[in-house]
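Input: one structure, supplied below.
Labels run A, B and C following the written order; every chain starts at residue 1.
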Amino acid sequence: MIIMNKRVLTFFKIAGLILLGLLIGDALIYAGIIDEYTAQILTLAGINVIIALSLNLISGFTGQLALGHAGFMAIGAYATAYLVMHIHVPQHLWPVLVGISIIIGGIITAFFGMVIGFPTLRLKGDYLAIVTLAFAEIIRVLMINMEGITGGAAGLKGIPLYTEDINLGPVVSFTWIAVFMILIIFLIRNLIKSSPGRAIVAIREDEIAADSMGVNVFYYKMFSFTLSAFIAGIGGGLYSLFFGYLNPTMFNFMKSADFLVIVVLGGMGSIAGTVATGFILTYLQEFLRVLQDYRLVIYPLILIFIMLFKPTGLAGILEDIKTFISKKISAKAIRKTGEG
Amino acid sequence: MSILQVQNISISFGGLKAVTSFNLSLTQGELVGLIGPNGAGKTTVFNMLTGVYRPTDGDVYFESNSGETKNLIGLRPYQITKIGMSRTFQNIRLFKDLTVLDNVRVAFHFNVKYNSWDGIFRTLRYYREEDEITVKALELLKIFHIDHKSNELAKNLPYGEQRKLEIVRALATNPKLLLLDEPAAGMNPQETKDLMGLIEFVRSKFHLTILLIEHDMHLVMGICERVVVLDYGLTIAEGTPAEISSNPKVIKAYLGEEVEVHA
Amino acid sequence: MGFVQEFLQQLVNGFSLGFIYALIALGYTMVYGIAKLINFAHGDILMVGAYGGFFVLIALLVTPGSFILSFVIAMLICALLGMFIERTCYKPLRSAPRINALITAIGVSFFLENVARVIKPIGPNPKEFPVFPQKFNLLELDFLGVHINQTQIIIFLVSVFLMFTLNYIVNNTKMGKAMRAVSFDRGAAYLMGINVNRVISFTFAIGSALAAAAGILFASAYPQVEPLMGFMPGIKAFVAAVLGGIGSIPGAMVGGLILGIAETLSKGFISSKLADAIVFGILIIILVVKPSGIFGQNVSEKV
């Protein structure tokens, strides 16, 4: 029972800290200490982190490469936009509508995930990569052609924002996205540290061994992929109300590759790595001219070099530094005791 | 009382008949050796029993944990593991980047009753069962003297301990029948002897039936109650260690290998 | 034009597109068979080949001689490029988890596309691919109201020639024998003294050279080149390879033809916008119904 209490206590500590952080963030933005532009970048980074986390779930934790998360993002974005544009509710119910639409957008995306996962994940081999790649391309083409719903190539204008209040805009967007991001971080982290999560990681490590240890490999691949699509759809939904405008070219292959770069650079299978890299890259992308101009050449090089020289990414580098330092410290300690 | 009845299973790869009409019957509690020269088809038999390969012919009847007898043909490996048959791999297949403890806890997975929601929301059930399987996993690791390494990554264990972890992981699925594929490969004579003691120990402690592939003749002859000999996919002999070691066919099959057959 | 004629015309167009897909699919399938890797960059090597041909033809003007030369040069460049990519990017990852090699491959693909977009002589915009001037327009066929143009005839001749050459190499040379051995069992091939590295290099060279040829043919049919031109044909050729049975050379040829025909028929009779979606649908159907494809065998991983 004492252990239980300790657990409850840590829970409240963590929840309190997060809430505090969120409020401070809101206050800083509201007071203008974080200017509107920076606030927007932070918010956009939050969305990127959410989708990159979803990609990390299927590729980093489950070991199945998916190359079409921009397609999932698009489905979530258009579905959510459609809902908030076509359902009319009284002012005070607007946030409820937003929340529900985003979740429904995620569910619709999850359904697509299931449909393409079912034939693909049954098989050994790397079919998922190419199927998701093709899928995202098809979705993009369909978006261009389904003008009734998507506005076609000209794009979908006039999606309502989280709030029309200009002064509150940055704070409200930031809060919506931060809350979703925090929830999703915990969702994935807790899942991975549970028995189903271990089953998922075991599949990445060795499919045949996992199968032989009683893990229903197909079931958990489907579970992970569907959940990944769901989260990417949520990210898309959040994006549509943040931007207020959607266009099929926003969801091309380059976009999928952006998420892959975040995951790979941060370290596959590292949540902290994805979160940190998501913020850093989004920020640099806005402010670093070199990165703006040569992003498309630099990013693929990042993919190649990380895979060749440090497949665990930044998370792995940090880990190395930590062990290096602790070794230094313990070596020192040994020398001291030796002297004494 | 037989818990496993293998009837005429065969498989071929391309033109190669890896195993032809293999038969075997195991009685509850037995320790049976499966031997044969390199490439004889021993591992392939394991793969067919555990559902990794599907035999082109034949049946495998297994008395499951629940007591009913089932034909295993067409079942997936995880289904077969669930009903009480577990194995180790000759070319170690641990979850390399997981800790030793997590390697074992993966194997408890299908016996865990809490679901993903419990895990995500950290319910009471989650904590209770996690604590439970952690304790059980550590107990199993302790039997094989690797509990003190529970937080190390599996890939960082020395070779011999990796083999032991393979056995612990297989035991964690709570099997009735355990298939061990060269568990002592790469160990020195003393380590091998210790390992055999441990295998004997878990056999009686968990009431296991064991089918053992091993190259070390002394060991097989010393520990097994019965031995089956494969050569080029065919069963060439079956009997007690004494019978096997004097069987001319067996001696001939092993001749090129300069293995001493006398136990 | 009657329905039958229209149908036959689409069939002819489908065959010529199908031959191009088949050439690309051959590279995919050979590399997959031997290195067990989906080489995502394969489509982009096609693009490099097309630009190689483009520059030769721009410099020398299009004559039958320069046309042949453009093939030789582009295939040579791409063969070297393919071997270089394999040596530097894929070889170090042979024993790493498969997903690492896949990510590297996608990185290489993405890199080739974007380098092409930023370097001056290529640039992001499509360019018209030089075609034969009127006086060299000698080959044309008309029968039963079906028109077969010179480009289609060239596609046919070049593809058939390359396929026969490939068949000869694989079945009648020592290297071909080694390729088959490595594809069957790399470990055993190595033990038998086959230089596996050389075989893999050679396979990349051949596959990339075929992609280069396909690139020139593809560019002359449209007639256009652009940095992303390899993306879609790459995916479709992969579908063709899966349809035929990945790892199978006759499978890639048949799969490519089927896919080309399916595409032109859906463009002609169903919807040109949905043609790509239909091709993708074909992939899903094969994966459900017969993942090993038409000529593929069920191979089980050695455990």
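Just so we're on the same page, a residue touches a chain if its C-beta (ideal position, glycine included) is under 8 Å from a C-beta of that chain, and two chains touch if they have at least 3 such contacts.
Because the structure is a prediction, the values reported are computed rather than measured.
**Student:** Pick out whichever of the two, A-B or B-C, is joined by more C-beta pairs in contact.
**Tutor:** Greater number of contacting C-beta pairs: A-B.
**Student:** Taking the mean of each chain's Cα atoms, which chain ends up nearest the overall Cα mean?
**Tutor:** A
**Student:** Distance between chain A and chain C based on Cα centroids, please, to the nearest Å.
**Tutor:** 35
**Student:** Per the centroid of Cα atoms for each chain, what is the distance between chain B and chain C, given in Å?
**Tutor:** 46
**Student:** Express in whole angstrom the distance between the two chain centres, defined as the mean CA positions of chain A and chain B.
**Tutor:** 41
**Student:** Would you give the residues of chain B that are in contact with at least 2 other chains, written as numbers and ranges?
**Tutor:** Expected reply: 52, 89.
**Student:** For chain C, what residues touch not just one other chain but two or more?
**Tutor:** 303
**Student:** Among all residues of chain A, which ones touch two or more of the remaining chains?
**Tutor:** 208
**Student:** Help me check something: in the complex, which residues belonging to chain B touch chain A?
**Tutor:** 50, 52, 76-78, 81-82, 86-87, 89, 93-98, 102, 105-110, 112, 114-116, 118-122, 124, 126-127, 129-130, 133, 169-170, 172-173
**Student:** List the residues on chain C that touch chain B in their complex, please.
**Tutor:** Contacts found on chain C: 184, 300, 303.
**Student:** Which positions of chain A touch chain C when the two form their complex?
**Tutor:** Residues 59, 63-65, 67, 116, 119-120, 123-124, 126-127, 129-131, 133-135, 137-138, 141-142, 145, 204, 208, 253, 257, 260, 264, 268, 294, 296-297, 299-304, 307-308, 311 of chain A touch chain C in their complex.
**Student:** For chain B, which residues count as touching chain C in their complex?
**Tutor:** Answer in residue numbers: 13-14, 43, 47, 52-53, 89.
**Student:** Across the complex, what residues on chain C touch chain A?
**Tutor:** Chain C residues touching chain A: 38, 40, 89, 92-93, 96-104, 106-111, 114-115, 117-118, 231-232, 235, 238-239, 242, 273, 276-277, 280, 283-284, 287-288, 291, 301, 303.
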